[in-house]
Structure formats: structure tokens, C-alpha cells
Amino acid sequence: MSLISAATVSQHASRDSCWIIVHGKVYDVTDFLDDHPGGSKIILKYAGTDATEAYDPIHPPDAIKTNLPTQKHIGEIDPSTVAKVVKKVTDADRKRQALLDARPPLDEILNLHDFEAVARSVLPDKAWAYYSSASDDEITIRENRAAFQRIWFRPRILRDVTSVDWSCTILGQKSSLPLYISATALGKLGHPDGELNLTRAAGKHGVIQMIPTLASCSFDQIVDAAVPGQPLFLQLYVNRNREITKNYVQHAERRGVKALFITVDAPQLGRREKDMRMKFVGDDAGAKVQEGQSGVKKDQGVARAISSFIDPSLSWKDIPWFRSITNMSIILKGVATPEDAIMALEAGVQGIVLSNHGGRQLDTSRSGLENLVDIVAALKTRGPWPNPNFSVFVDGGVRRASDVLKALALGASAVGVGRGFLYAFSSYGQEGVERAIQIFRDEIEMNMRLLGARNLSEVVPEMVDASALHSHATITPRDSLYDQTYQPLRLAQPKTRL
Amino acid sequence: MSLISAATVSQHASRDSCWIIVHGKVYDVTDFLDDHPGGSKIILKYAGTDATEAYDPIHPPDAIKTNLPTQKHIGEIDPSTVAKVVKKVTDADRKRQALLDARPPLDEILNLHDFEAVARSVLPDKAWAYYSSASDDEITIRENRAAFQRIWFRPRILRDVTSVDWSCTILGQKSSLPLYISATALGKLGHPDGELNLTRAAGKHGVIQMIPTLASCSFDQIVDAAVPGQPLFLQLYVNRNREITKNYVQHAERRGVKALFITVDAPQLGRREKDMRMKFVGDDAGAKVQEGQSGVKKDQGVARAISSFIDPSLSWKDIPWFRSITNMSIILKGVATPEDAIMALEAGVQGIVLSNHGGRQLDTSRSGLENLVDIVAALKTRGPWPNPNFSVFVDGGVRRASDVLKALALGASAVGVGRGFLYAFSSYGQEGVERAIQIFRDEIEMNMRLLGARNLSEVVPEMVDASALHSHATITPRDSLYDQTYQPLRLAQPKTRL
Amino acid sequence: MSLISAATVSQHASRDSCWIIVHGKVYDVTDFLDDHPGGSKIILKYAGTDATEAYDPIHPPDAIKTNLPTQKHIGEIDPSTVAKVVKKVTDADRKRQALLDARPPLDEILNLHDFEAVARSVLPDKAWAYYSSASDDEITIRENRAAFQRIWFRPRILRDVTSVDWSCTILGQKSSLPLYISATALGKLGHPDGELNLTRAAGKHGVIQMIPTLASCSFDQIVDAAVPGQPLFLQLYVNRNREITKNYVQHAERRGVKALFITVDAPQLGRREKDMRMKFVGDDAGAKVQEGQSGVKKDQGVARAISSFIDPSLSWKDIPWFRSITNMSIILKGVATPEDAIMALEAGVQGIVLSNHGGRQLDTSRSGLENLVDIVAALKTRGPWPNPNFSVFVDGGVRRASDVLKALALGASAVGVGRGFLYAFSSYGQEGVERAIQIFRDEIEMNMRLLGARNLSEVVPEMVDASALHSHATITPRDSLYDQTYQPLRLAQPKTRL
Amino acid sequence: MSLISAATVSQHASRDSCWIIVHGKVYDVTDFLDDHPGGSKIILKYAGTDATEAYDPIHPPDAIKTNLPTQKHIGEIDPSTVAKVVKKVTDADRKRQALLDARPPLDEILNLHDFEAVARSVLPDKAWAYYSSASDDEITIRENRAAFQRIWFRPRILRDVTSVDWSCTILGQKSSLPLYISATALGKLGHPDGELNLTRAAGKHGVIQMIPTLASCSFDQIVDAAVPGQPLFLQLYVNRNREITKNYVQHAERRGVKALFITVDAPQLGRREKDMRMKFVGDDAGAKVQEGQSGVKKDQGVARAISSFIDPSLSWKDIPWFRSITNMSIILKGVATPEDAIMALEAGVQGIVLSNHGGRQLDTSRSGLENLVDIVAALKTRGPWPNPNFSVFVDGGVRRASDVLKALALGASAVGVGRGFLYAFSSYGQEGVERAIQIFRDEIEMNMRLLGARNLSEVVPEMVDASALHSHATITPRDSLYDQTYQPLRLAQPKTRL
């Protein structure tokens, strides 16, 4: 096959005939324009030219090859015909580099909030908006955090806590911590190595990573980065085309993945306004492309945009089919009610994740932690508890090892941490993730000693006071006039102001 | 009839003899001065001159003709005698135009709060004050919003939500959304087309509008703007002169209005201090005129000022009379207690609106949403529920489709939205209203999918946690000295400040 | 008796022999120095000179004559020997005058908060500190207000409220409003006419004033300012010397006072730190003198300083004695518990005031309004309610007529308003008080209409939701780090900033 | 023994051979480097030189002599060989002196918050960080304070409170106040006289001091500073080497200490991030050295660093041993649950302190005050209450005498105050402590009068409303967009701005 010249490609620069170059290959995406989850506009911007740089942070390397029929793979570009573009260092590049240079040294990072603060500072605006945003008024994302702060400890004393042990198994896999790295999408927006940062750190420290369907590294890249025997889980968005899903799941099982977390709280993606505002700043809908929220004419409805990778028809009837195509543990991710928890138990899956998708789906949903109490109570009516064949995980809002211990005390099998690790590698790459793991380890050791728990089975319900968990206090509107007339007390003042 | 010269008119420029010109007609308003709801001062300002420009945004075009006895219609002005006034473009005009030019493009409006922000920016101060104000300390207006945020969702999973359907009927009329446009007064303060913006958008999108008694367009202008078959409701302030009310109601019925919403929470208009402060800034009591709050000497009491259009004697004894003059559905707007809800049911009306008049009447009244729970419980003791012959509506504080779904889950038949649409046309005219309807549509589709409800009958009480609804937390006074001495934690800091 | 020359007086300018001139009379206060409630320091400042200007705003005119033995009344000053002091207009005077000139016109005052704002602006710092201060952390003074905002209305509809009537009798005296003017001390700090502003406005508008023991006008001056038949109450601090108290009470009864409110919550005066801080700014302990909080060496204890006018030994055993010296109604002011309310009932007094002294005594005491609910419940166990022979009043935190109606609905006989009227005359003199009365009248009329109550007997418990009254929500400490990392949502932004 | 020259010492300036000079003595600390709780780095900084100035504020004078084997005591330095260092007055010194000069006069200090404000201003940043910091998110330290503000008073009236008496005995020792000075570490960071400030003031005013194990004055210096008969308590960190602990305890008993408070809530020291951030500002880990939190490589775990003075194996099994080595009262400091309170009772100790270590250990632990209610209830099930043989103390968050009375009303035997007194001497030395005691005395007298309690046995549960104590209200996330659009009411404005 002869090479194609850049001049030829440049003739296909319209909606009627649209070619693009990605990693030296030429593709005809004319027919695909309307099916692109991120809309046609962003593709047309690169019509007739090399789109690699825009493509890379958002798509797995093989996405275009996989999704486009073979006959649309036109051929290879003739590199000699491509004008060498000297990438200009822009002011934005310089500013970002200065921000990176100004990061605090890693050993000054004392907790997970610090990672988030650094990430907010160094991430491009769009990446920050994509990662940090949640749906509607972002009530639920904050409630996720607040719920943990409504649980109070009742520590026990005078137990010999010289050595404490917090190792555990999660779905039969050994884990050095009672938590796992939960799936988050589009890791390359935060760091060039994307999800691999997590895989490498997890392998080194004995932590389990859940691979996202919407990773920006390819599934195989991630699995290849694992050390021998490193357990991995897989998060799954179910495709309307079940054959694609079947192939994907069975490939994962063959590559050794241990458990399948099927996302059940996203028949449609939530409105994330912080992210949506971003698109009006520039014309590059990058960060939102893969999830398909924008660039689609509203009149067509959002459903069409997501039809290619999320199936809103997914229902309980599909569970037996999943059971038939894989032997991996099946976990439903996104359960919120005792009713559905019981249905999951009866459907024969191996567990559930009490999650509201990090607050990115239905806003003003309750926190997973609050649901945990009701759901554990319901499950106890169906047999001995804990049930070795049915795990209950919680995610959302975890920032401290004390949060993890609170969830365990209330009955969780383990806890998922998503954004925490995402911000860790966005700010410091793999080293950041390792530091985050270390912080969890230090905190969990300390907290178990202070709680008087020598191993995780000693982290019992009596160690927490959850009486305030269900009390969603609201703020009575302030008495504006009173507040303006009331003069607060002052402290003793220095004789002179220095 | 010969034309009247401007010079002649100008001789009647005192309290003893006061003529004004409105739309080319000369009126003798001398005897009317003391009956003007807005006080005599504002009329006397235009005594002997053309008052059209001040008259227009506040009164329906035919108000003066209708309210003044025929013998006070002096005749037509001779246009040749009127000095051509070249309307000067003032700095204020220029500033307002600049604000209008700076509005965000309509597709950047993501939610109803955005409309309010734009309206606040572009509206003249007095119009904003009139629209946004509520009574006393404005506790209730804010509580209306806060109440929705005290309801939490309990979403269901794994239901096939490929297609969801949120159409419904309201009082027998088809509606494309489970909400209606509630009545708000004086629309021309916000936009030259006033209430017509609502009528046109409602007709285009299958939404029902409730026409206000205090519209600044005339009733017939509004009905004329409707498309054939477009259902309309009418909000009614009952006049002390029942004959006027009877004519108005029967005219509405003849013109095809489907339901009559009688306001029962306004025997006297509330004190709206934000609005009252405005009058001290200039001398033009414009925005308050029609509701008659100001410009009246306090010593006479407010009752006199409102006597012409709101009757404080309205009582349960009047209901049979209303039933006798119209076949429209009769709805009582402004019910707040189970006791009155039961009385309404027994009085044979077709429904009630749980409303506190957008917080503009009795301050520290509870929200309609909170009352809904008690009232539905009470109505259930009187027969099967929902009752096809008795609707329960809620208004106040709605900003999101999720609010609508919360109210429906708790038993509401539909929800009224007033200020939301008012701000939409104040900022973008008819297009704003259409965009608002579109936003509701997008949000309701998404939220129903995420809730696991395929149609409105699947939006059930079990989908919400309303346990916090009645908990009116208050704020314990802060410990001022402690707060001043406590030093909040800091995050890791960048090495250098950029 | 010959006149005394200024030169002679000036020779008595030490602790060993200390004379001062007040209103042209010379007094020897040497022996009194250590008994002065405000301490000796402030007197010694004027030793040998004319102290009238400092004396006047704090003491009733006859205080020195009454308290000093006759033999210490040295004689009259020879005016010809006194150097004419041309009072210099200071910068402070000029600033205060400018503030007075800048007051908003009285008709812009829409509510009682406005008076407070104006008073804060125009009052000298020390007067403001004395009036506005409360004890310790000022939790209770703010809770007094917050408690009213925890009561929500349940308004009734469709009652003929053409005319509403809010007149009532208080302890058998007709009152045009269901509230009385409560006693506050040292009125001349706020306005040259002091308490007379209240007396005159009260007489004109049919409102009842409670005269304070610590008035800066003399008791007789106040009574003389009343119109014929104007009912007056008297607030009493019980003197350690019961003969003084007896004379005072019997004189009041003779002059027509109708009821005696004995303060029972002040065996010692509270620590009012806002006021205490003031004394360190200058050396003039003026505002605190009469209540005797400062200028006394701490080592001696506060008890000594107040010994002359407040008796900490006051107890239930004294009630029969009071009964024996007067036929006036006796009311205990400062009751806080059902236990003491029952004891008061059994002691045969005519009523109680549920008060915490405007938050100036025991800090973190509950509000009178909260205590009202418990106390009414307790009193109902002792006989029919309301009890025509036993009144229950509430004071503290009232700013709106709606507050008054809430207290009445919960069982109060009437409500006391102290600071509200104090700030009214501090900012606008008698006219301010009249305006405040007018505001109450307007608001009460409106609120009764909106509540659906045609007279005060229709203001019933069912009209309020007091379920939140006892819920003292506290603020969980904020999650400082989370709050710093969370980025709030933004509204749509204008295209350009103007 | 001949003197050693500075030149000789300076040859031992490495990890291989490390000598330092302290108070004129030369020590070989080479082998001790890895055992130093504060890490080797800080010692190596002074290798071969005089370390006295850095050593003094953190260590008791005899610490090095006691902890180092005799053979490592090399000898005395030859003073003639040491270059006279003229201590330079730095800018920091000058700034600190200016801050000290600007302190408000002591009589302007009205409450304990004032001391904290002054301390924050005058303390070196590191000392402030060490004193003020608490663990993790500092939720518990603030909750300690908030808990007191959730208790409301129910004061009684008309009791003869001419004289009130608040003296009491604590563990059999007379105390002039129902509170004791609780142990806090490293007093010399705040004032050159360190803990002696407390001892002297306590002796003068009849208050009991608890001596900390980690005092920066030596135990004997403190005891020597006491007046004859002055009761002292001792706080104990139990050493891994029980012989050291035994000697320490028995020495204390011989010197007359009356009670032993064994810390049971610190098997490992908490993460105090405010303090940890400090170490990154400079390289001097001073403030943290003695508690051993930093300067230790994380990989080794914190346990190692603290191994020399805190034993994580401490358990109930050790109690009989303590009983066997001393006749002092034994109190367990740091109990948080009824379960452990009962175990303590059954273990035969003389009391417990309900404490969370000033919020410095397990964050989000409940306050001692909240635990008090549950624990007193539990203890009442085990016999008559109060139990003369078993005391229950509370510490944490006390700022006012009213706090003390609240704890006593709820069943506490007495209350511990730590930071309050620490800040008092940090800002004003011994005089500050005396002033703090005086403030407590004034406030307790006043509050008992206002409560109607004539002695401490009259401070009964019925005097407080603790119903809100367990209600940990949380803050529902704010509705950011609503808050941005809502425009608060304004007060009447002055005509002109001055």
C-alpha cells in the first residue's frame, strides 16, 4: 500500500468527505461524524489534517481503529509530505509549567485534600472541570463528604495495640488496605501516563485497581503494566451492542481480571454544569467528548449521543446473560436502596457498590454511607451477616482512613476511592499515588490504635455513633436585617497595631 | 367631536382639576385621584400632560377606559398641538442597553438560576425590586427553595428506561410537562411584550399558562396570542364589586379559559420591604402602583388602597356563588393547612394550590411542599387517593425538574412555576421562556431515567426520603470569640505564589 | 445662707475632702466616695469642680439630693465666681451632628431593625455599648431572636377579615396593642429627653409603659409627662434597705401606677463584655456607673458595688411583704422554669414575665419564648387556661408584629418590647417611638388578616408550628480543608464585565 | 578531670562520632542518635558545638544526664576555649518584642479567649502550632467547645444568694475552684518559666495542678516551686520500660503527689497537621521533638519514635501492677465510653477523665461532655451516685465558668482546664494564670447567683437543658447558585455616606 500525501488528505476537509490523520494513519470518518459521541464539530475542526494531538488525551490508542470499519482505514500518511510543525511553547504552556514547578514537595502532602488542591492548581481548566464536576447543584457530591463527618467515634482504651493488622481480602483477592482504587474516566487529561500511574502504584503496594471502561489508556496497556499476580477489577458500561460487551468482558477475564463491576446508575449521563460551562469558554469540547455530553444538538436528545456505549435498556433481565458469559465475580455498582440490594442478592450477584457515581448522576441522592445503614439492616433479615458470598462496598467522599473505618464499622466490606487517587496522579504521577497509599496506611494504623482495634474484625458497629447520619439539617434562611445590626463581640485588642 | 389642544389640557394640572393624556385620549381624573390604587401623587406628576409612557408598563391598555366613567372621557388630543418630544437617550438607557448587549448567549443558560442572574443584571432597579421582593424578612421565600433541598432521592436501578414519558393532564387539559406557568403581575416591567411572551412560548410547546388578574397586557390580548386549542387558566383577585368579578369570570369562560384559580391568601397585600425601599430612591412609585402598596397615606390604612380590586371579606360563603356563575374548574390558590384543604374538598371545588404567594404574603409561613405532606395525609382519610376530582398543586421555589419530581412523588398533581418563567422572559423574551421549557424537558427526562421511573405514575413516595422536610434547623448563635481565635487548617502551599 | 465661691469649692479636690457642684448646688461627697455604685474614680475626676454635665445623662436629677445626707448639702455656688466655660464644639460633636443630619427620613424606617441601625450609627460609642451589650458570649440575646424564627405560621383562609381588632387589656388596663414598653435603664444616654419620649408617645397612642427603677429621668418627671388616665407600670429593683423600696413602691401606687414588676433574675448584674471593653478606651466609666459594674476594685467583688440598690437576698419569703405594702398587681419579671412559674402562682402574685433580661444576665439561658411552651403546659395542669388572675408575659427579641402574634398563639397574655423602643427614641426621639408603634399597628393588622384571625382570641395555638422551637441545632465544625478545595458552582457570566 | 577544649569537641561532628555541649557539659551522643525521639537530624545540626540554646525550651534540664549512660558523659568544657558568641538581636526577636510590648494591659483581659488571642499574637509560630494543633481535620477540638454551647440553662429565682460557695474537694484535696489545671506539654515554648508559672499561681490561689510527664521543667523543679501543703497531681505516659515508670511514680509519691492520672488514649500520638506543616517552613523540628512526631523516616513507622516513652501495649492487665507500686489515687485519663467506664470502676481505680486529649488524638471522637451523660447514666446502674470512691472528670473546650457548671450539673466531679491556662502563662506568665483563676472565680460566683445555686450540691441536672447535646447537626451543602442570585435585604441607608 502506497503512502498517502498530506495534500491528498487536505482535500477531504468537509462534512461531505472528511479524512483525518491519527498516529500516521489516514481514516475516512465521513460516515462516522454523526455517530461520534463527542459530536461532529470537534472532528470537523481537524478535517484534512493531523488530529493526533487532540485525539490522544481522550481516546485509548486503538479506539479509532476498533470503532471504524476496516474499509475506512485509508492507509498510511507519507511523512515526508507533512510539514514539520514546530510545536510553539505558548503562554499557557509556560504558566502550566510554572505551576508544576511550584508544586509543594511531595513530602509536604499530608492528606488527600492536599492532592486535590495541587491538582486544581496545575490541571488545565477543562481537565479540572471534567474531573471535579458533579450534577446539577452538586449537593450530592458534597453530601458524600458531609455524611462521613456525621459519624462520630466511640474509641476503646487499654487494649494492647502494639501491632495492628489492616490487611484483608476483597472478593477473594488479598489487599494491603481495606479499600480499592475505583474507576474514573479519561486519566490522560490529568497526566500523560493516565491510568498506568494507578496500575504501577497499586502493583507495588498490593492495592487493587478497578479499570474503567472509559480509560484513556487501552485495557491491554493497563493490564500489561501490572506485575505478575496483581489483582485487577473491571468497571463496565454496558454497550447497546451486547456482542461488543461480551467480547470486552471475556477478553478481560482471559487477561486475568477478577471481578466485573457493572455500572447500573448511569442509563443516561448526568448534567454536570461546571463541565458544561467550560465548553462556552473555548470551542474545544475535548474533555466532554468521550462521555458524549455536548456537541450534540439538544433537539436530538442526549440519548442518541450515548447510544453507542451506554444502554439505557439495561435491566434485571440482563443479569443471567452476564452470568452466562463470565465466571468473574459480578458486582452491581450504583445501588441506592434496600429494595434493590435485596433484588441483587436474589439475582445471585456477588455484591453491590453503594455509590451515587461520585455525585455525577442524580443530584440530591443520598450518600452511599447513609444508604449503607439501611441496606445492611435489610440484608441481615436475609441471613447471617457478614455474608461471605455477598459483598457490600461503598464509595464517594472518602478523604481519610477514618472514613474507611467508619464505613467498615457500619458493615461495608471495603471502600472505593476514586477522585482521591485521580488527583494524586494528576498532581504527582505514580509517586503521588504511592504517597496517597502511604498516607492511608499511616492513618489507618494510627486510627486503629486509637480506636482500640487490633484487626478489622474488631472494627465493630459499637465503635461509631451514627445517630446523626440521617439528620439532614438544613439551613433556615438567615435573618438578614438582624445579622446586619448585630455587632459581634471583639477580643482584647493590642495597644498598637503593628 | 373636535380635538382638544395641549394648551387646554395643560390648564387642568392641579388637584382641583386634573386631566391627563393617555394614548392620544384626554381623561379627567380629578375625582379618581383618591381612588387610584397607586395614590394620587403619581398621577398629579403628569397632570395636564401626556402620561402614556409612565402608564404603559403598569396598566393594561384599556384600564383607564374601563375604570373611568364615560363622562370623564373628554376627547382626543390634537396631535398638532403637542410638542414633539425627542426622547433623549439617557445614561441609564445606555447602561441598560450595554447590559442587554452583554447578556450571555442563550445557549449558555443552563438552568433557571441563570435566568434570574441575567434578569437581575438587566432589569431596571424598580422592576427587579418588584419582582424579587417578598414580605418582611423574606424567610418564607427562601424556605420555599430550601424545602426542596431537604428532600433526598432514593433512585431505583436496572429498569429499562430507554423511553420515558412525562406528559400528563392538568385539570383535564393535556400538558407536555407536569407543571404550569403560574400567574405573576406586571409583566411589561420586565419586557415590552409582557405576558405575551409566556402565551406564545406556552402555545408552541404545549404548556399551560395561568393568566394573572394583574397582567400588564389585557386579558384579551393574551387570549388572542394563544394558538387554537391552547389551554389557559385564569388567576382571580376577587373584586369588592362582585359584578365586576362576575363579568370578568364569565368573559374568561366565554373566551375558552379552562380553570379559575381564586387567590385566597391575599385579603391584604404583604409588606415587601425590598420594594418599599425603592420608592425612597426616586419619586416614581411606578412598580407599586397597581398593587397599591404605596403612595397612600398610612393613616388611612392599607385597606382603602386595595379596596377596589381585592376584597378582604371573601369567605367560604362565596364559593357557591362562584359555582353559580361559571362552569370552569374552581381552584383555591393559597391553601396552607389540612383543615382548609378538607374544607375545600367539602366545598366542592376542583382543587387547591398549596402556595404562600411566592413568599410575598405572610412571612415565616411554611412552604407549600412541607404543607403538601400533611395535606395529602389528611385527604387520604377522606377517600381514595389520588382523587380524580380534586387536584393538589404546589408552587414556590421550583428551580429544577428534580423539584417537580419530588413534589409529584409526595402527591402533587402538578407544580406551578412563576418567577422562573418571569425571569426567563425578562432576560430573553419569548426565546427565554422556550429555553426554560426546554431545560425542564431535558432535566425531567434525565431525572426520570436516573430515578428509574418510566412514566409519572412510577414517581412514587418511596423514591424520596422526606424525613428532613419538617426539620427547620435554626442556627445557634455563633461563638464569636471562639471563631475569632480558632485558626482554620491550611492546605499545602505552593513553593512560590505566582 | 450665703453663696459659696468656686475658689472655696476648688480647695476640696481630693479623696480627703471632695466637693462637687451639681446644678448650682455644692455637695460634700467625701464619705460617699466608696459607696458610689460607679466607683470613686469618676467622682474624683470632678473633685472641686462642676460635675453637672457628666452627672446629668446618668442620674435622675434628684439622685444626689436624695442619696446624700442633708448635712452634706453644703450650699449654693456663687455663679459670679464660676468662670464661664464656653463649651467647645469638638470634632466628635461635629461628627455626631453630621451623623444625625444624615439619618434617613423617618418615613424610610420600615421596621424595628432600621431603628437599631440608625441608633448604632448616631449613638456615642459608650451609649451604644451599654444599650446593645449582653452577657458573656451574647448567645442568649441572639437566641431570643432566633427562637421567634423557629416558629412557623399555619395561616387560615377565606374568613371575612374586613375588620380586625387587636386591642386588649393588660392586667386590667386597656391597651391599643397586645404589647407594652418594657423597662430599660439610662434613657438619657440615648436622647436628652430620655424615658419621657416613651411616656409621651405611649400616652398619645394608648400603649402602656413600664417605668424602670434605673431611669435617668426621675420617677415623678415620667409620671408628670403622662396624660390623664394613662396607665403605667413600674419595674422594681429591690433595695437592700427595704424601707427605701417600700417608700418607692407606695409613692408609685399613690401616683397611680397600676402594676409592679419585680425583677427576680438579677441578684447580681451580668458580665457584659462589650460594655466592659468600652471602659478601657477612655477613662470615663460613665455608662456603667449607675449599674455599678465597673470602677470597683475586683478584689472587693461585685456584690459590694451593687449592694445599695439590688438585694441578692431577695427570696420567696419576701413576697408576702410586698403584698402587704401595696395593692398593685405584682408581677415577677425573669421567670424561666415551670417550677418557678408554679411557685409564683402559688405565691399569689398576678403574673410572671418570661424573660432573661434581654440576654444581659445568665448567658446560654433559654429564650422566654421557648420557656413559654413548657410553662403554659405546666400552668394548664393547675386550672383553667387562660387564667384571668394570672398573666404570663414574654419579652426578648421581638422585632415584628408576627413575633407578638406567635407568642400570643402559644399562650402569652402580652409581649414586652424594650430595646426596640429604646433604639426608636435614641434615633428619632418621641417621633421615633410613635413611628415604631405605627409599624407594629400596620404589621399586626396585616398579619392578622393574613393569618385569618379577626381578633386576638382567634390567634390560637393551631396557627403556629412550634415543633422546631426546642431544636437548638448547633453547627458541626466545618471541614476546613474540604471547604477550601471545593469550588462552588458559578452562574452564567456576562460576555463582558461592565 | 581536666577540661575539654572546644576544638576537641568540634572534631566529633559527624554521625560516626557526635559530641555536643549542653550547659557546659560534653556528651557523646553517637549511639543515642537513632534513639532520639525527635530524630537524629536535629542533633546532628549541633554536632561538635554547643546545643544548649536549642535544648533548653524542649527538654527538662536533667533529661540528657538521666537518659545518657554515665560513660557517655565526657566531661566539662573549658570555657576559655569557647568563642564568646554575641547573641545577635534578629528582626524576629525585635518583632516578637514589639508584640510583647503591644499586649493589652492584663486588666483588659476579660475572658479566656482573650488569652488565646494574645498568645497567638506573641508566640513564635512553631510554639503556637504545637500548642493549638489537633488531629486530622480538627473536628473534635472544635466539637469540644461546641458541645458546651449545646447545653442551655434553666435558672431558678428568688433564692437568697447573698453568699455563694464554690469550694470543693477533688480526690480528697481541698480546691478553691471545682476545676484543676490539666497537664500540657512543653511549657517553656510559651514562657521561660514554663510549668512553674502554673505551680506558683496554683499555690497562691488554692488550685490543683496536674504535672505533665512531658513538662519542660523537671518534675522536681515543679514540686520545689509549690508552697507547703499544696496538692499536686501527676499525669503519666507509661514507658515501655516499666522500671522507669515505677521509679518515676514512686518518686512522685514520695514527693507528696496525691493522684496519678494515667493517659490511656495515646498508644500512639495523633497526626497534628497544623504542627506538621510547620516543619516544612524551617528545618528546625524543635517543637515536635519531644513528642517524637517528626524527623523520623516514615518508612520506619511512628511506633519506633515513641517507643521510648509511650507503650502501646498498655492494657487493663497493667492496672493491678500500678495498684501494687503506689498508694496514690489512680485515675484513667482518656475514657470515652460507658463500657470502659464500667471496666474502670470494676478495675478498682479511683476515677476517670472523660477526655479526647484536647482533640489531639482520634479526630471526630465525641466530646467528653457528650460522653459524660451516657457514662453517668451507666454508672448509676452500678450503685449510688455520686460515688464517693469514684470520680468522673471532664476536660476539653472549657472557656467559661458556665461551662464548668454545666459539666457539674450533668454529674462531673470537677473539670480539667489545659490550654486555657497554657495560653494564660504564654501571654502574661504567672500573672496571666492568676488573672485566669480570678476570672473563673468572678464568673462562677456570678453564674451561681444567677442560677440560684448557693453551693455546688445545688447545681443539679434540672438546671440544664441538655436535649440538644447529642444532636450533631451537619451543614447541608449550600445551594450555591441560589445563594448567588438571592439578594439579601438592606437596612435603611443614611442620606449620605460619611
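In order of appearance the chains are A, B, C and D, and numbering begins at 1 in each one.
Throughout what follows, a contact is a pair of C-beta atoms (placed from the backbone, for glycine too) under 8 Å apart; a residue touches a chain by one contact, two chains touch by 3 or more.
Heads up on the chains, UniProt names are A, B, C, D = L-lactate dehydrogenase (cytochrome).
As the structure is a computational prediction, the values presented were derived from the model and not from experiment.
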Q) When you check each chain against subunit A and subunit B, which touch both of them? A) C, D
Q | Chain pair, A-C or B-C, that carries the greater number of C-beta contacts | A | B-C
Q | Cα-superposition angle relating the copies subunit D and subunit C, to nearest 5° | A | 90
**Q.** From the options A-C, A-B or B-D, the pair that copies A-D, where over half of the contact pairs coincide
**A.** A-B
Q: Could you grab the centroid distance between subunit B and subunit C? Build each centroid from C-alpha atoms only and quote it in angstrom.
A: 43
Q.
Centroid of subunit A to centroid of subunit C, CA atoms only: how many Å?
A. 61
Q) What positions in subunit D touch 2 or more of the other chains? A) 104-105, 108, 110-111, 113-114, 117, 137-139, 142, 146, 149-150, 273, 277, 471-476, 478-481, 484-485, 489-492
Q | subunit B-facing residues of subunit A, complex | A | 95, 98-99, 101-105, 108-110, 113-114, 117-118, 121, 136-137, 139, 264-265, 267-268, 270-271, 273, 276-277, 280, 298, 301-303, 312-316, 318-319, 332, 334-337, 339-340, 343, 361-366, 470-482, 488-491
Q) Which residues, counting only subunit B, touch subunit D once they are in their complex? A) 111, 113-114, 116-117, 120, 132, 137-138, 142, 145-146, 149-150, 273-274, 277, 399, 473, 476, 479, 481-482, 484-487, 489-490, 492
Q | Touch list for subunit C against partner subunit B, complex | A | 104-105, 107-108, 110-111, 137-139, 142-143, 146, 149-162, 400, 402, 438, 442-443, 445-447, 449-451, 462, 465, 467-468, 471-475, 478, 480-481, 484-485, 491-496, 498
